[in-house]
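Shared chain: subunit A. Partners: subunit B in the first complex, subunit C in the second.
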Partner chain A sequence: MFAYYFKLGIRSLRRNPALTALMVITLAVGVAASVSTMTILHMMSNDPIPQKSSRLFVPLIDPATLEDYTAGEKPGDIQITYTDAMNILKSGLGVRRTALYGVAGSVEPPRKEIPPFTMGGLAPTRDFFAMFDVPFAYGQAWTEADEARGADVVVLSRPMAEKLYGDVNPVGKRLNLMGFPYTVVGVTEKWKMLPRVYLLQGGSPYATGEEFFIPLASAVRHETQHNGGMSCSQNIGPGFAARLASECTWVTAWIEAASAGDRSEIQSWLDNYANEQRKLGRLKRNAPNRLYDVPGWMEYTGVVGKDAKLQTWLAFGFLALCLVNTVGLLLAKFSVRASEIGVRRALGASRAEIFRQFLIETVVVGLVGGVLGLLLAFGALQLISLSGKAMANLARMDWEMLSLTFIISVGAAILAGLLPTWRACQVTPAIQLKSQ
Partner chain B sequence: MEIRPIFAALMRNKTGPILVALQIALSLAILANALHIVNERRGIMARPSGMADEHAVFRILVRTLGNETPEQQLADIKRQTEVLRAVAGVAAVAQVSQMPMSTSGSNTSLALDPRQAKESALGSIYVSGDSLVKTFGLQIAEGRDFLAPELVDVNEATENVYPPGVIITKPLAEKLWPGASAIGKTMYFGTGPEAQPTRIVGVVENLISAHAEFTERGMFSVIIPQRAYGGGRGTLYAVRAEPGQRDRVMKEAEAALRKSSALPLILDLTTTDDDRSNKYRSTVTVSWMLVTVSLLLLVVTCSGIVGMASLWVTQRRKQIGVRRALGARRIDILRYFITENLMITSAGVFGGVALGLALNQLLVSKLEMSRLPGGYLIAGAVVFWLLGILASYGPAWRAASISPATATRSV
Partner chain C sequence: MLRMTNLSKVYRTHMIETHALRGFEIDVKEGEFVTVTGPSGSGKTSFLNIAGLLEEFTSGEYILDGVNVKGLDDNQRSRLRNEKLGFIFQGFNLIPDLNLFDNVDVPLRYRGFNAAERKKRIEEALSKVGLASRMKHYPAELSGGQQQRVAIARALAGSPKLLLADEPTGNLDTAMARGVMELLEEINAAGTTILMVTHDPELAVRTTRNVHIIDGQVSDLVRKGPTLVDTKSSVNA
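Moving on to the complex of A and B:
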């Protein structure tokens, strides 16, 4: 019976072409609006490292002065001082630790036909690569020894390696970076975290990947400026050394624990550490030390923009409106068929049977609307991705969203069809037959 | 009027009218809030940057491959400034630490009294050894521009120098000293015992901050008269071209800089127009999306009203025929349907006003939006009343054209 009803449903699409078209288009537009905004929200709030997100932790230690502090005040800072970052690196906490900041470096390409340019990258410690599962195309991360002496070694991203050296293995080659000769030790495979949770500084968290990596110690030795914000609660002295020793926050640290359960252990280490530092005359605020796993970090830093949430809410409001509209149109469509229902009922069809037939007919409308809505959503996303690099990275449909579109459109159609279908079942055969 | 019979007829078959009213309520609520947001965003984008003829201004970021000493950097800055000034069609050049709306720059806390715990305001810091008033084309509201002796060279690598005098924007002056003249007054960089005093020598009408924040902070800028070098991040120049010559001047300035340097330079040229459109790009996207949804909203609601009204006309052909046969004129039938629709629309509009306020309340509490002014709801209500009449006119006219004979024949 299902196949037959399905065929009937397809046939009935042609019965009231204007009304049906209106219904399909209304559904499609509603689905397209909600799916395209939801895709962006979905990509924005995407967990970029699901296999580890519950055991990667960011510690935050408030180093600011006491003067402008009221206890329990919500802190706005998302970085820590160089001093605290170094101490966390040395702590032996968890399985791996890293500290990092964003850098920009001028490059003198070995190929003379390319003029010098600037690339954006990261100055982490070597654990970073293993911690965030960065894949390597050639070579590997720098060694412990290189790290310890702050050697001038660099890991390039694959597109950057190809730009500089062409399609060959550049490991071992020299690169003039920031005015110093660096040695290439590795090339990462195409790798981009969306959002870029490991460093929420310097540009959109959805825009670009890293073009190169140099050891934190090397960057500090060459007094490389950080790319991103710095927050100071007191005036600091001139020069880079003063910044390293200052209570200004400009570094992000990460700790990888063996399991999510080690959180309390890390927290108690942080609290002990802060108490020790307090004895040394630092951390006067005595503010709570905070620890975030990746989802908590995204929540705390507000990576997902308010505009994206607003758009999604409005789009769902719009979908609701489209649904109400479809209910009305379906009512209209079914009401003209009262006599047909009367005949079927008189010939022995049960109410359940009628219900099934008309619900399947609505599902057909939902499917057609869904397919059209999906096409419209693709178009809308294409349009949205024209508005900048970050949006182009976000406006991408994945399988999850694709199936969700179908669930939404068919679900919407069924929801819209319930009331009209129920009304159709209420037709009393006698009255319908009499009036013919 | 025949309101009571129409109402009674509506009450007999409630589903359809309720659906239409619900649709109108939903669209009115969304429409009013969407337009409110769009208008607010437009207001933010329309804020003046304080720069005269923004189209004539661009910035050049100059970086080198090597590591010059701070002294070499200072010599380079002075030489490059002269090279840029010598380019035909350049009206003014200033070495500067940050550019308006470029979304990259620094802020500092400002206080009226070093003993206060909280800062009075956060200011966006423009550090320039040349006249920004001339290069940006700022309008001096009070006081004066910096004098030549006030513009000093500061080596960032070895010294921290706090300027004795600064220029601030009028919105910042109003925030710090409401209703009073700011000239000659003292404010502090930072709070606490290390706060550094400075005097206000001039107030400019406006200068938008580097990050162009959407709050009042976006207009809190401070100009510091220093040529800072030795910071190691490259040198940024703001260049004002003669009106209409920007694109040519940009090309020639780039060529002149490259020619003047023995070492290869990394140059990054961006117009202020581009900075502005980059800064507000996502705002424009959101606005367009909201406008599109609003238009679709109107179309869908309109089609809903037409659809339902047509259905009712078809369902009541017989009744209409009977009424016509009993002496009702066309105008009576027309009026009946339009009145009926107006009643449904009104119910929807009242529901929509309540729903719109509720939605706004939600946006205010969850997304920190501002309150919805009543004007939007009133305008929305008028729009939907007109839309209701327009949409129902077609079906009502068809109803009125039903001849009594055809309508009653099938009985």
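Moving on to the complex of A and C:
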């Protein structure tokens, strides 16, 4: 009977086309509004590395002074000091460790027709690539030896490699970067983490991916300025060496554990380490040492803004308003079908059959509303993506959201159809048949 | 085929109680063609609606083809209605956006017949009423008489034991009414029991029996001639 009722549902769309169109449009507008805002929220709160997000940890150690300190308060920054980052790298914790900071610098393209320009990148240790599953198109990450001696080697992103060298493998080529001759050792395949959890300082977490990577040791050796915020609770002396030795926070560290269960071991190392640093007089506060996995880190840093959540709630409020309208329209549509219901009841349809028939009709309306809603949502996302690169990265609909659109649309139609369908079942056939 | 014993139907509102049927008794045997007459408001339609399981009765007993219908739930009543009864209404009650084939198909769908069986029955029923060539037409493309023939085909397609007709010729001109009446007589001659409400005394005299209802009770029994099967049946009022 489902196919029969579905066919009747499609036929019913043509009956009273103005009312049907109004219903479909109402539903579609509500669906489009909720789906487009939900797409943004979905992309914002997306787990960028689900295969290992529960075993990638970022530590926070509070190096600030005791001044104005309230026990248990959050550290003022989401980065750590260079000293702590280096000690974590040496700790042997987990299976991989990295420390990184954002850099930006000018590049002199080997193709003379391209003028020098500035590009943004990252200065991590080599484990970063394996830790965040960065794919390579050519070459590979720099070697341990390169890392140890702070060699001037660079990994380029594919778009940057193509911009600088065209469609050839540039591994082994020289590149004048930030005034120093670097050797290209690798080119990453198209890779963009959304949100960019590994470094939430310096730009939007949804901004375009890195254009180049140089070893942390090389960046430090060349005293490359960091591209992002820095938090200091006391004055520091001049020069890059003073910054390295300071209690200012400007580096992010990551630890990859073999399993999520290793978290307590890492936490206890952190606690022991912080106690030791306190005894040495370096750390002043008796602040809790924080350790976050990727979802926890996104939550702590508030990657998904309150505004985005509010917008989604508002959009769903609008959908509810559209549903109320759809209920009214469906009531009108079904009320003129009372005589048909009477006839069907007389010919042997039970109330349950009438309920099924009319509910399937609302599902058909929901599906059509879903298709139109999807088109409107695509349009809305296109408009949103015009507002900036970061938004363009977010305003993309994936299969998950595509399916969700239809689930929302059909679910909304069913919800809206429940009362009118129930009312349709209550039609007294005898009265309708006589009143014909 | 149909027996009602001491049956009553009371409509209640906050203020008023209306007794549509009281102490109503009737026994219709298989193969009879019974007309039900009476003035407006006498209870004819209430009787027909209860007979057709479209309304519940207040008290008494109703046996339809050996089944006591009291206490049956909506699903059971609907199934019984679908399997044993056929309806013909004064206003035809065809579904306007379904063609003739699909209109006749409606009760067969609820019966759960497969596609081949439904097609065979629809073609047979429409042939019987002389409209086999117009299967793809819509009701609005037919005359009133033709629409009533489609309604008869729809009622017959499921091979019901009892055909309930509520003033089937009421909306037709004399010639069309005659045609429809002749068709009903043919159907009755083929063995289907028919219970027909009418205001037309000329039609009433053409059937096996005429039951007259006044104030919700059978007031008169007029036997016009032998039924097509055993005529030992009686109507007790």
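Just so it is clear, the second predicted complex is superposed on the first by the 434 of 436 C-alpha atoms of A that agree within 3 Å, B and C clash if a C-alpha of one lies under 4 Å from a C-alpha of the other, contacts with A are read in each partner's own complex, and residues count from 1 in each chain.
Everything below uses one rule, namely that contacts are C-beta pairs under 8 Å (C-beta built on N, C-alpha and C of every residue); 3 or more make two chains touch, one makes a residue touch a chain.
Small disclaimer: the values here were computed from a predicted structure and weren't measured.
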item: First (subunit B), second (subunit C), both or neither touched by A:429; value: second
item: Which superposed partner A:343 touches (first subunit B, second subunit C, both, neither); value: second
item: Contacts of A:352 with subunit B and subunit C, given as first, second, both or neither; value: second
item: Partner chain in contact with A:11 - subunit B first, subunit C second, else both or neither; value: second
item: Touching partner for A:145 - first (subunit B), second (subunit C), both, neither; value: neither
item: Touching partner for A:3 - first (subunit B), second (subunit C), both, neither; value: neither
item: Contacts of A:387 with subunit B and subunit C, given as first, second, both or neither; value: first
item: Complex contacts: residues of subunit A adjacent to subunit B; value: 19, 22, 26, 29-30, 33, 37, 65, 67-69, 106-108, 115-118, 176, 178-180, 222-223, 225, 234-240, 305-307, 309-311, 313-315, 317-318, 320-322, 324-325, 327-329, 331-332, 335-336, 384, 387-388, 391, 419, 423
item: Touching residues on subunit C, where the partner in the complex is subunit A; value: 45, 49, 52, 54-55, 74-75, 78-79, 81-83, 87, 89-95, 97, 106-107, 109-111, 154, 158, 166
item: Subunit A residues touching subunit C - in the complex, by the definition given at the top; value: 1, 4, 11, 14-15, 339-340, 342-353, 428-430, 433-434, 436
item: Residues of subunit B defined as touching subunit A within the complex; value: 15-16, 19-20, 22-23, 26-27, 29-30, 33-34, 37, 63-67, 117-119, 155-160, 189-192, 194-196, 231-233, 264-266, 268, 278, 281-282, 284-286, 289-290, 293, 296-297, 300-301, 303-304, 307-308, 310-311, 314-315, 359, 363, 366-369
